[in-house]
Structures are given as C-alpha cells and as structure tokens.
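Paired with subunit B in one complex and with subunit C in the other, subunit A is shared by the two complexes that follow.
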Partner chain A sequence: MTKDGNSTRFDRRTLLKAGAAIGAAQLASPFVQVARAADVVKIGMDNPMTGTYAALGKNELMGAQLAIDSINAKGGILGRKVELLNEDSTSGDAGVAVQKARKLIDRDQVNFIIGNVNSALAQAIANVANEKSIFHVVPGGHTDSVTGKNCHWNTFRVCNTTQTEANAVASTLVKTAGKKWYYLTPDYSFGHTLQAGLEAAGAKLGVTKVGGALTPLGTTDFSSYLIKAQAANPDVIIFLHAGQDAVNALKQAVQFGLNKRFHLAGAQQELEVLEGLPPEARVGTWVFEWYWKQPKVAGVDTFISEIRKRNSGHVPTARHYFGHTAIWTCALAAEQAKSLDAVKMARAMQGFQLPPELAMMPDGAFYRAGQNQMIGNLYVGHAQSNGKDDPEDLFVVDQVVNGKEVSPTLEETMCKQDWPKA
Partner chain B sequence: MQAFVKQNALNIVIWALLLTMPFLMNAVGGYTQLGTQVVVLGLAAMALNFLLGHTGVLSFGHAAYFGLGAYGVGLTIRYFEQSTLLGLLAGVVLGAVAAAVIGPLIVRRRGVYFAMVTIAFGQVFYFIAVRWNKVTGGDDGLTNWARHDINLGFTKITLVNEPIHFYYFALFFFAVAVAIMAAILRSPFGRVLLAIRENERRTRFLGINVNFHIWASWLISCTFMALAGALFALQNNFVDPHSLYWTQSGIFVIMCVLGGMRSFWGPLVGAAIYVVLQDYLSSVVSDYWQFFVGLVFVAVVLFFPRGFMGALRRRTAE
Partner chain C sequence: MTQLILFNVANGLIIGAFYALMAIGLSLIMSLSDVINFAHGGFLAVGAYLAFTLTPYVGFWGGLLLAPVLTAIIGLIVEKFLISRVYGRDPLYSLLLTFGLAFMFEDGTRWIWGAQSLPYEVPSWLMQPLSQQYFFLTGYRLFMIALVAIAVGGLFYVMSKTRLGLRIRAGTLDLETVSVLGVNVRVLRNLNFGIGIYLAGLAGVLAAGQLGLEPTIGASVIMPSFVAIIIGGLGSLTGTLLGGLLIGVASGLTGVFLPPASEAVIYVMMALVLLVRPQGLLGEEGRF
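Entry: the complex of A and B
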C-alpha cells in the first residue's frame, strides 16, 4: 500500500521473525496428521453435531459407532479394520456440509460417506459424492428428492421418504378420526413435502383439507395458529413439526384443551420428541420409522442392550437405528461386491435384502433397485403418557405397515439413475 | 530494487503464499478446497471491508449480495446457459443491480440504523430464496447444476474435477478484484472515502456529497461481494438460502475484525484464520467448536482490538 496511515513498514528483522513464525506454524501444524495404514477402510460421517438437529445427529453417531465396533469385532470389511471419521456439518449450513464432505473425500480419502439428518444437507452431500463417485448413505434426511427427482446411482437412503410416511398413516387417520384435516406445517422443505404427501394420500381417501398454516422454523408461541385451527373446526389437526417445534406445538395444543375436542395427529414422530413432552401432552396418532419394543424380532434385544450400555441406560431410538444401518450398509456392500469400488458396490446393493438381525423389522428390509431407497416396516400407533413396564415405552404400535404396500412406485418417485458409462 | 522490496514486503509475502497455497495446504495436512475457501471468503471479507474499514460504514446485510451472486450463477447455469463465465457475470450483475437499487434507500442512515436496514433488506432476499420453491429449490437449495470447463477458443480451461485448476481460476478473479479495490483506494475518490471514515462532518463541510460517496462505496463493495458469492457457488456446485442469511453477514464482519479492519490485507488474514480454525476445531471437538471460535474472537477483541494485522503493525512500529 501507499505511504499513508495504511502503509506497513517491514524491516528485515520482522521478515525474519515472520519467517520463523511461519516455519514454526508448519511444524506445529494445526492439522492432525496421523500416518494411517493403507489397509484401513475409512467411513466419513458428515452429520450435525451442533444446532437444532444436534441431538438426532449424536444419536445417529452412537448407532454408527456401535456398528463400527461390531464390524471390527467380526474382522472388519474385506479383512481390513474400519475407522469412523466424524465431522460436524452444522444443522443448516450446506456450505459447511459440502466443505466437510470434500475434506473427508479429498484429504482423508474415505471409502464411504454418511450424512445427513437435514434433507437439504443430505442432497448437497449427495451431489458431492456423485461428483467424486463415492458410495454415500443418507441415514435420516427424509425429503423425497434424495431418492426421487435428484437421485444418484451412488446414494442410498435408510430412512423413509415423506410420501411413504404420509401414505402409511393416512388410512388409519381416516378410520380413527375423520376426513376433515387441518395442517400445521413447519415452513421448510421437510414440512412442505410432508404436507404435500399427506394431501396426495388423503385425496385418494376422500379427505378434505379445511385449512392450514405455515409456522416458521423455531416458533415458540403457537397460540395464534392454534386458534385458527380451532376455528376451522376440523376432525383432525395435523402437526408436521419435528424437534423443539413439535414439543412446543403439542404442549400448547394440550394446554388449550384441543386434544379433548379434536384428534391430534401427524406423520413422522420420534422418541426424542415424546420424551421432551410433559406426560399429558403425549397424545395423538403418529408414524414411527423404527420402535425399540419389538419382542419377537431378531436382533432387537442385542441392539437394545448394546445401546443401553453406551447411552446411559436409555433405549435406542430410530436415529440410533439409522446410524447403525447406514454403517452396516457400507460393510454389506463391500462384502457383497468383494471390492471397494463404488460402482461395483452400488450394483451389488440393487434389490439387496438386509439380513434379519440387521433389518430388525418383522417383514425385513431391502434396498429397492433403481432407486436405492430402503423399504422396511413403518409403525403406526399412538403416543401414551406413561410407559407401562419401561418409562421410555411412550408409543403403542397399533399397526405395523409393510413399506412395500405404501411406498410410491418407482415411476412415481421420478428417480432416473445416472450410472457412469464404462 | 531493495527499496521496492522493502516497501512491498507484505504484498510480496502475501502473494507468494497465495500462489503456493494449494501446495502449502496439502503439505500441512489441509486440502486444496480449503485453500479455495480462504481465497473466496477472503475476497468477500475484503469486499465488506471496503465499506466497513475504508469508508467506516457497518453493514450487517452483505451476505445478501454474496448470496445473490451465488444464486445468479446457479440459476443461470441451471436454467439458461451452460457457461461458467456467463453465470459468473450474471451473478455479479444481479448483486450489483440489487445493491445499486437498494443503496439510495439506505445511505441516509448512519451507524446502527444503517446496519439494521441492511439486515432488513438482506432478509428480504433470504425469504425470497426460501419461499420461491419452484425456482430456487427453497430451503433444499439449488441443485442439479455444476460448473463447466471454459473454452477460450485457443485453449481450454478444465475446471470440472480439477480442484487445483479451480483454485487458480478463483485466485485470478481475486487478484483482479483486489487490484481494482487497491487502485480505487489510492485514487482521489478513495481518499474521500477515508476522509468520510475519519470525519464525516468535516468532509461534508468541504462540499463533498457524502451520501453519494457512501452509495458508490456500497455499490463497489456489494459488487465484489457478489463476485465472491458466485465463486463460492461454483466451488461447491451448490447454493442454499443460508448463504443469504444474516448470520453469514456476521461471519464476514467477524473475519474483518479478526484480521484487522484498518489494514488492506487484514480481512484476508481474518478469513484465513476463521476458515482454518473452523475446519480444524470442528474435526477435533465436533460438539463445541463454535465455543472455541467464539473464545478466539473474544480474545482478539479484548487484546488486539485492531485485529491480527493491527497487532502486527504495532509491533513493527515499536
């Protein structure tokens, strides 16, 4: 710069000092570089550890770590030890999620990448993974497009699409509650697609929408929305919120006494939310994507006791299940293809049926060919205030739905996979 | 020659580091993408500092123009033309036009009111991006587009799957933008901006149209911000509304403060510190990394109020 206040005078001594400082900085490199044996299989996890979805992301991580430990105990992947590298994607910043995905792929040379809880971030990571041809598993981001309009040959998803969840609960709602529905929807992609899914499913059953309101993400006071919902006089008020929003909305609805006059319900519900609610607000009809109380299903008991050991005695939630299944999907793909080549692994997983002790669902689970979407069971039921024989038994499964019957057809998903030529 | 080296020592060191960054980054265990991130966010911080540090006006809504640049390039490549350069141009023009129109509405405000109004206008763009689902992809972000190789006729620049090429591509635009900003600051026009920063009332008494100068500074600043945003989108092959959100503006301000607002290169240094710190800490302590970044920020504000470059210069002066 020039000779005004902005100028910087730099003498030789400073330059030398700066050089020494830079040299020292190189030695005390801020990056932890550990020489890793080439015979390690690396799985990168790019999932929220901070923000709104931190609790869900951490539960997925716990499930993933359990899977890593049991895979290593059984001799690893293709005889090689497995290592999990975890990065915080943040809950909503796709720029960071993409940066972390590239870090895992370019620098750490991971063989697999896992992520994300947030649908938008899942899609962003999927695009990076596709560009780099890395085998990618989405544990828990629900928006349809990930295995729909924007699907990729190398992206697999464990959790359900929003349309599948909506289809699973719609007929039960019509039977138990009625045909006039009012929607309270969080104003972002997950909420929008979930509502669209329910409207589509409802239309087939003759449901009329008597109204709806979009609530901004992070709303704490739902009273004005609840008054509007009440005025519309529906049979069912449908809550499509997740996380803290769901806790606030339901708590206030019960304070207003709405549960005595209308049926409260929704599509996706999670154990994390029910545990966050006061007992009197644990009401309504919902869909769980996995539930821990399945006494007759193979593998569940071991899974529960292993998670209890790591989770200070708490039972696994669907998020633990997603993380666990995502890691096992990678291991199974490699074993099935006898290779770590992404294309071979992805081919091997087309239509792949998970072993029952890993599927942990009465009808089993498989990855649908041409879409890479896992299809298993969904658990439709109602919340209960207090668990009978376990304080965490807060959900009563009324009906186990087979995902095959409620999933949209392959044509309806609009998925067209872009397999590499060669 | 020696005098030249002495006078430009800082410039030489910085350019040497920038030119060798991909190799340095990889040598110390980073990755090329991280280097690109430093250059792109460094450009954004320097663009903001043109207004903040050199004109003395605090904007808290600059992410809007960063995001507009990003959406400009994304929308162009997705819907109109598969051309990286055209997209880049569209992004910059989109950001510049928005800034030119909004500028006159806000230049009459000062201090915290100016900052508040810039946030308000920034959030307008954020909500457009979130709500206009059909075009922008809403909260999911804009996907299904990617940067393309550039065919210049006589030669072809490959950018797809070539992170190092893209680094130098970004560095080229960074160099052009920085050279223009430095030239403007050296010109009489730039001196007026510094005068406004130092004493606005006295500048007004000299017969200078202060509001016009602030508008022009705002426009220049936002235009380069849009350029940075467009490069950021090309780097990620992705845009999402978060890049327009006011917290992103805050991050740019933090970068300026960390590096030093009164120094020309300060924001670049601040961006480098922020990006590397964030990348490193979030891998080591993935749950609490924001706490440590905040701690560093607090420490800098308490002990080096002039930022990293300010502290360095004071040591030199002593």
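Entry: the complex of A and C
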C-alpha cells in the first residue's frame, strides 16, 4: 500500500467527515422548528421501535397515527394542526428512553409526550415529564407504580395496572383450573408486580403457590424452567411473560406436551403473541385488555376498518387501541381545558369519561380522579388455535369484566399526587 | 432431585449442541479471516425467515434444505463485496462493519417481514414428546441433535479429508505461506465464510422451530456462541463444540438451583476460563 493511496483515501474521508458535519449541523439547528412551533400542536412519542417490544411499539404508533389523522380531519386541537414526532426508545434501555424524552421536550418542544411499552421505561419517562411539567400518557406499560406509589399529577395511563389484570383473571382460574399455582415470571418490574398481584388475588381465594421461577428478560430456552415447573406438579402453570418471551415460553411448553397435563394460563395476553404462535400452541386462560371482536360496541367497526387499511388488512390489537386512546386523551384534555397548559389539562381529566366511540368498551372507560388511571373493561377468556369467521379471531371472550369491580381502591394503589401550587 | 439434575444435564446437552452449531460457524470465520462476525445472528435470522417464506412452496423439508444454502449465497456476496475489503486492516474496521451489518439485517428483516413474531410450523409428528416421563425429549429436539451431529461430522470430514479443508486449516495457521504456495486466498476465505454462514442459516431454521420467529431471533441466541468459542478455545473446532455443550449443561443446571443466574453463569465460566487458561480449553497458545 503506497503513501499516495493512503493520502487519496484520507482526502475522501475528510470529505465524508465534512459532509457528515454539515448534515449534523442541519439536524441540530433549532431555528426551523421554533418558527413552526406556534402553528402546530406537537405530540412526542417515545416508544420501542427496535428490540423485543418493537412489534408492540409499532402497533401503538399505528394507532396513534390514526388518531392524529382523525383529529386533524376534525380541525385539530384547539383549531391547530397536530403533528406526531416519533423516537425509538429501544425496548429496554431506560437511559436512551430518558435521553429521547429530553430531546423531544427540550429541542422539539413537544406539547405532550407518550410512552412507553416497557414499564420501567414508562416510569423513567414519567419522571422526566414530571420534572418538566409536561402532560404525559402511558399507552401500554403496566407496572402498578406508574399510577401507584410513583404516580404523578401529569402522568395518565391507558392500559391496566398489573393488579387489576390479576384480579380480573384470578377467580376464573380457580373455578376452571384449580388452586395449586406455579409461576413463571419474567425478571423485571412488570413480571414482579404481576406475580405479586396474582398472589394477592389468589390468597383471597385460597390459592397455594407451589413454586415459581424468575426467568431473565429475553430468555430463549425455557426448557429448564419447564422441567422445574412440572416437577412441582401444580394445577396451573402461570406464564407472566410478554412479547417474545411469551411466544418462546408457550411454544416450548406445548412442544413438551405440558398443556395436556397442566392448565396453562396467565394474566395478560395479546393478539400479537397468539399470532406468533403455531396453532397448536394457542392455548390457555388469559386476560385481554381490549379485543377487536365486539360487534355491538360503538366505534369498534370503524376502528377495525381504519386499522385494516393501514395494517395490510390485519385487525387492530390492544396496542393499536392504547396508542389511539393515548393521543385522543391529549386532544380531549386540551379541548376540555381549552388550553395546552399541563396543569389545566390534568385537572380537566380527573374523573373524565371517554366518549363511547373512543372508549370502545361495553361499560365505557374513564380516568379515575386522584390516580389518572383509565378504568374500562377487561376480557377474560381462552385462546383458540384457529379463528372461525376470521383467521385473527384467536381469543374467545368468556367474561367481560368491569374494571371498576376489579381495580384496587385508590388507597390500595398508594398514589399520592403532588400538584404544583397554582 | 437426582431426576431433576439428570433431566437438566440431558437438556443442557441438547441446548449446547445448538450453541455449538452457531459457534463453529463463527469460529471458522474468526480463525481464517480474523473477522469477528457480529452479523452472524443476522444471517441466522435471514435463514429462519427464508425457511418461513419457502415452506408454503417447498414444504418444511424443502425449506430446511434450501434456506441455509440461500443464506450461504448471501454470505458469499456480503464477503466478496464488503467483508473482504477490510481484511488485513485494524480489527476495528471489521468489527464496525459487521456490527453495522447486524443492525441492517435486523431492521431489514423487520422491514420485509414485519416486527411481529411469525408462526413457523414444523410437522406435527416431530412436535411430540417421546414419552410423558422424558417429556423434554421431543422428536424435534432429537432431530435437531441429529442434524447438528451430521453438520458437525460433515464439517470435520471436509476439514480433515478434502483439499479445501486442508487449505483452510493451513491458512488458519499461516495464511501468507499458503498464499505463496499458490492458493488463491481470496477464494479460500470466500468459501470458508460461505461455510460458516451456511451453518448460521441452518441454526436459524432449527431455532425457528422452537422460538418465535422475529427480527431479534439472531441477536437473542448469538451471545452464548461467542462464549462457547472463548471457553473452547479459538482455532479448535473440537474445543468450540465442547464449549457449546459445557455452557448448555452449566446453564441448565444453574436453572435448577438459581434460575435468575442461569444466563449469567456462562459469563462467569468465561471469566474463569480467561483467568485460568486464557487460550481456552483446547485452544492454541498465543492466538489471543
């Protein structure tokens, strides 16, 4: 390799570096966006686009975009056009999620912020939003503390708390499957609180815990845990995993024939997971937080047809619903308060009942005052291997539970909101 | 308890065999080309997705046969046009290149096939446990072991009995001399990369039968194979095989006593090997 060759390459590299620097300078320039900030209302979304929760995050984004389009079609928020700014929070790196939240708030100057699928990241974003007094909606991160002991006056949540999900399914499980439970639990906040929730709900019904194992997030091979679970000889093996972990765990449990010897069940289940499983592994008793097949409920048909248009013909999942509802929550709050001020908006949402065509649940949905937690219906039922009328009808709802009856009381949540002084 | 331990040892061997399959491919590439292929998991995912796409047309067996070959062809192209350009440079270049490729593969599969997990189906007769007592011995897992054995056996045969194998082994020891003796090193490295990627593609198809098929499938199973190589020793295929089996068993056994540590234990083993015998159990001294 000659010196000449080296120097040529060096020149080209210098050119590249210069090009990159120019590109970066343009990205960093805040002036363009400040000029536009007055005209549009900006909503920042800080949700996973890569990693384990990418599929869930993308579905929430799709639901959110649909909501943005409908809001703009109806004249926007307070007469101003709405714009969605999306950032990839990653699936598990709270540092990145926080950095993206700060970028959205400080540099892009968003009016509201949405996120996150991952409970831990949702809590991290909530803390940033609280520090900056920004109206924040958690679409789909379930751990209790977000609207419990670490709740904030400005953080609202669409999806249920893990305790509510556990309460909804516990009595059905005792009736249909038995009282000896073994827990397989993902080893992070979501799994821990979900298990604690089920243990608390089960204790009231005389359930005994015959064992349990914590599985690291992102476990691919569940065989050693399954060997342990069957050795404990329970009535029910409870799977508390989400996303890819849930697919892997269930797929392997069914390959081992465990579904023929034990009842497989869990609290939260999602259409994304059931669709990722081969038909024979679509088994078990679960809770869905929203289900598309609700023929008599207002708004559902339109929602299905709108999502089908954007989702290569696929039906909406609970994640589409979460994203959609999260954006509408911002819009409704601003309209209700007639202001974009976070405190006024948050005050306006205390006890706020969602319009039926947005709630899309038989008993409606509202944000509980003093906790900012949405309370609607939960759908307890069982998975089925193949849909009868539609290939995506993979869940049979056995019982629609009213969230009011299974939610912990406000005292039990331990939420104490610290409102700013007016 | 004894039964639980026995189950987990047997089960660990099954998982370990799978790690070994990936690790051997990685190790081949690392030894001859001095490239740590971070994109190995990406190729694994491509193999799995290709099998999923091909299965409706050519059936499970056709997919199993074709997908790894197609993956290997993609591997040959990637090596020819990208990887080969960083040979002989600072290792940082190949690290950055393959690291970037890994991201491109992950997002590329997400773009083509979607982020959502896809249901890859395996013939149902393979998906049964052989007996209720030994329920973790499913037809599929035994089939997997058999395939790994055939692939590894075939590779050892190629390495010891064929001219190509001899040249690869010689190249691993002293590439310059092999080149001077008239062997086209570019072609040799290209073919060697292709063999490594073929094994990644095969591992991908096998993984898709047990795991949910989604874009991070490669990333989620690739780390243990790096560990297998380090424990077994770089440059020794037998060592890599041994390393894979060892971490499979260790991780299974830890699962009995301390489940949350079952993933961490393989890294502890790696640290111990690095402290006590840095070249790995069967590795040659001085390579790392």
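We take it that the second predicted complex is superposed on the first by the 386 of 422 C-alpha atoms of A that agree within 3 Å, B and C clash if a C-alpha of one lies under 4 Å from a C-alpha of the other, contacts with A are read in each partner's own complex, and residues count from 1 in each chain.
We take it that a contact is a pair of C-beta atoms (placed from the backbone, for glycine too) under 8 Å apart; a residue touches a chain by one contact, two chains touch by 3 or more.
If you're wondering where the values come from, they're calculated on a predicted model, not measured in any experiment.
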Contacts of A:K338 with subunit B and subunit C, given as first, second, both or neither: neither
Which superposed partner A:V273 touches (first subunit B, second subunit C, both, neither): second
Touching partner for A:A94 - first (subunit B), second (subunit C), both, neither: first
Subunit B versus subunit C as contact partner of A:A54, first or second or both or neither: both
Touching partner for A:K204 - first (subunit B), second (subunit C), both, neither: neither
Touching partner for A:K404 - first (subunit B), second (subunit C), both, neither: neither
Subunit B versus subunit C as contact partner of A:K309, first or second or both or neither: neither
Subunit B versus subunit C as contact partner of A:K416, first or second or both or neither: neither
Residues of subunit A that lie at the interface with subunit B and also at the interface with subunit C: 50, 54, 58, 187
In the complex with subunit B, residue positions of subunit A that touch it: 1-2, 4-6, 8-11, 14-15, 18, 26, 29-33, 49-50, 54, 58, 86-88, 92-96, 98-100, 102-103, 106-107, 119-120, 123-124, 127-128, 131, 143, 145, 150, 187-189, 192
Touching residues (chain side subunit B, partner subunit A) in the complex: 6, 9-11, 13, 27-34, 37, 130, 133, 138-141, 143-144, 146, 161, 163, 182, 185-186, 194, 232, 236-238, 240, 242-243, 262-264, 276-280, 282-284, 286-287, 289-290, 313, 315-317
Parts of subunit C lying in touch with subunit A, wherever the complex brings them together: 3-4, 7-8, 11-12, 14-15, 106-107, 110, 114-122, 124, 127-129, 132, 135-136, 138, 140, 207, 210-216, 220-221, 251-252, 255-256, 259-260, 262-263
Touching residues (chain side subunit A, partner subunit C) in the complex: 50-52, 54-55, 57-58, 187, 213-216, 218-221, 223-228, 230-231, 244, 247-248, 251-252, 254-258, 261, 272-273, 275-280
